[in-house]
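You will see subunit A twice below: alongside subunit B first, and alongside subunit C after that.
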Partner chain A sequence: MTDTSNAPYAFEGLDRVIHEKARLGIMTSLISHPKGLAFTDLKKLCDLTDGNLSRHISVLQEAGLINVKKGYLNNKPHTTCALTAKGKKQFLKYLDVLEGIVENANATAKSLKATNRKPA
Partner chain B sequence: MQDLDKALQQIGDIRSQIASSTEFHGFGPAAVATTGVMALTIGVWQHLQPPASTTQYLLQWIVVAAVCSIIVGSEMYSRSRHEHGQLAAALLVRALEQFLPAFACGFMLTAFCFLVAPDTLWMLPGLWQVCVALGLFSAARNLSPTIKLIAAFYFVCGFTVLILSHQAAGLSPWLMAIPFFAGQLMMACALYRQRRNG
Partner chain C sequence: MTDTSNAPYAFEGLDRVIHEKARLGIMTSLISHPKGLAFTDLKKLCDLTDGNLSRHISVLQEAGLINVKKGYLNNKPHTTCALTAKGKKQFLKYLDVLEGIVENANATAKSLKATNRKPA
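Let's look at the complex of A and B:
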């Protein structure tokens, strides 16, 4: 394992599985719906095609971040996805790292602005 | 820089959204049961050594309520940090937001009865129980569903106590001790079951 104490910009906590744009959208949609979301709702919320959504759902499922339930509703196939406990934990960890990055960038931007304002 | 502030705000919003749909595990069954036992103890004590006046009766209960709040509050703080990790702060704020209106209402009613209308002091035990019921109804969404039943119990008790204390000549210690002992023990059982079921 690499030592990150001397590499503050390594961002080890940014999980690659979650960090991808479409998967981040899926995770964010699911985190506010603890009972899960139907495949069609997720497709609309994340603006993804059937194929793309299926592919990203498989990646998240393989990582143990989401649960997929396949069943029937009104005699039609009905797929629902929900976050697992691990998925929720990982997403909160991801949010913490992301918040740290934005806070650092914000502090740097503010100090640069203050330096530029000082008269020569 | 405004974009960065906006991004931080959005991350905070996402966290609050997660908190709103998360069951709060900050209340400890043991601490809640202890408050019930304390209510029964003070009831027995007041029965054996009746207070000299209604004011003294109520002041003793206010002291017990303050001690119970400290016990439940400090356990809530430490437990939520242990149980919820990164979400603890958001969940604690949410719990306080839910209980604060009922708590403020109880506090203001107490101040009103003591300072403005001392002839209505007999109403306080019933009104306190109604305030507890409203606080629990408000927090029930983030707690176990059984909490709604306990809130209903406190609500019914509150109005029953109002009727009984209106009919009686003086305030009986049991008007406070029995509802709070039974209510807090039921809540401790509900919290224990919630904890066991994960």
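Let's look at the complex of A and C:
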């Protein structure tokens, strides 16, 4: 393992599985819907194509972050997805890391703005 | 353009060029160092290999977000990178979007926790 003690911007805790933009949207949708969401609803909420959503769902499922249930509704195939307990835990951990990054970057940006400000 | 008015989790404003984990690290390093950083320092701060850093720098440079200066220091090639004005502006915009996502997701997670809490 690489020594990252001197690499404050390597963002070790920022899980790439969750960080990818479309998957971040899927995870955020699912944390707001603890009972799960139908594939078709998730598609609309995240503005993804069938193919893209399927691909990202597979990645999240393989990582154990979501559960996928395939069934039937009115004789039509009906797929629903929900966060697993691990998924919820990992997502909250990811949000903590992200919050720290945003806070630090904003603080730096604000301090630079204050330094650059010239007296009137 | 796709209609995303009903797609709250499409995160339209989340620029993929900046969002990628390694590039997010590079942009965060550079906003803390307004005078720019040497390639070798950036490599250490972000824990990236030469090849990876070069690749990500090219993406950021092509998007007009960073400036790259190639020169010599003590007769050795010396490359430095710094945010452009556009890069700083775009990064601050990106941070705003990210902050909103984190706040909303955290608020949802907290409200669920409160709802699930059973009386003692």
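Following the convention adopted for this analysis, the second predicted complex is superposed on the first by the 117 of 120 C-alpha atoms of A that agree within 3 Å, B and C clash if a C-alpha of one lies under 4 Å from a C-alpha of the other, contacts with A are read in each partner's own complex, and residues count from 1 in each chain.
What we mean here is this: contacts are C-beta pairs under 8 Å (C-beta built on N, C-alpha and C of every residue); 3 or more make two chains touch, one makes a residue touch a chain.
Just so it is clear, the structure is predicted and the values come from calculations on it, not from any experiment.
*Asks:* Between subunit B (first) and subunit C (second), which, if any, makes contact with A:L73: first, second, both or neither?
*Replies:* In the superposed model, A:L73 contacts neither subunit B nor subunit C.
*Asks:* Please tell me which partner, subunit B or subunit C, touches more residues of subunit A.
*Replies:* C
*Asks:* Once the structures are superposed on A, label A:A7 by its partner contacts, choosing first (subunit B), second (subunit C), both or neither.
*Replies:* second
*Asks:* Taking the superposition on A as described, I'd like to know which of subunit B and subunit C A:K93 touches: first, second, both or neither.
*Replies:* Touch partner of A:K93: subunit B, not subunit C.
*Asks:* Is A:K21 touching the first partner subunit B, the second partner subunit C, both, or neither of them?
*Replies:* After superposing on A, A:K21 lies in contact with subunit C but is clear of subunit B.
*Asks:* A:I31 in the overlay: touching subunit B, subunit C, both, or neither? Say first, second, both or neither.
*Replies:* A:I31: touches subunit B and subunit C.
*Asks:* Both subunit B and subunit C touch subunit A; at which residues?
*Replies:* Overlap of subunit B and subunit C footprints on subunit A: residues 28, 31-32, 34, 88, 92, 95, 98-99, 102, 105-106, 109.
*Asks:* Please name which positions on subunit A make contact with subunit B in the complex.
*Replies:* For this pair, the touching residues of subunit A are 28, 31-34, 88-89, 92-93, 95-96, 98-99, 102-103, 105-106, 109-110, 113.
*Asks:* Using the touch definition up top, name the residues of subunit B that touch subunit A in the complex.
*Replies:* 1, 4-5, 7-8, 11, 14-15, 17-18, 21-22, 85-87
*Asks:* Of all residues in subunit C, which touch subunit A in the complex?
*Replies:* 2, 4, 6-11, 14, 16, 19, 21, 24-26, 28-29, 31-32, 34, 44-48, 88, 91-92, 95, 98-99, 101-102, 104-106, 108-109, 112
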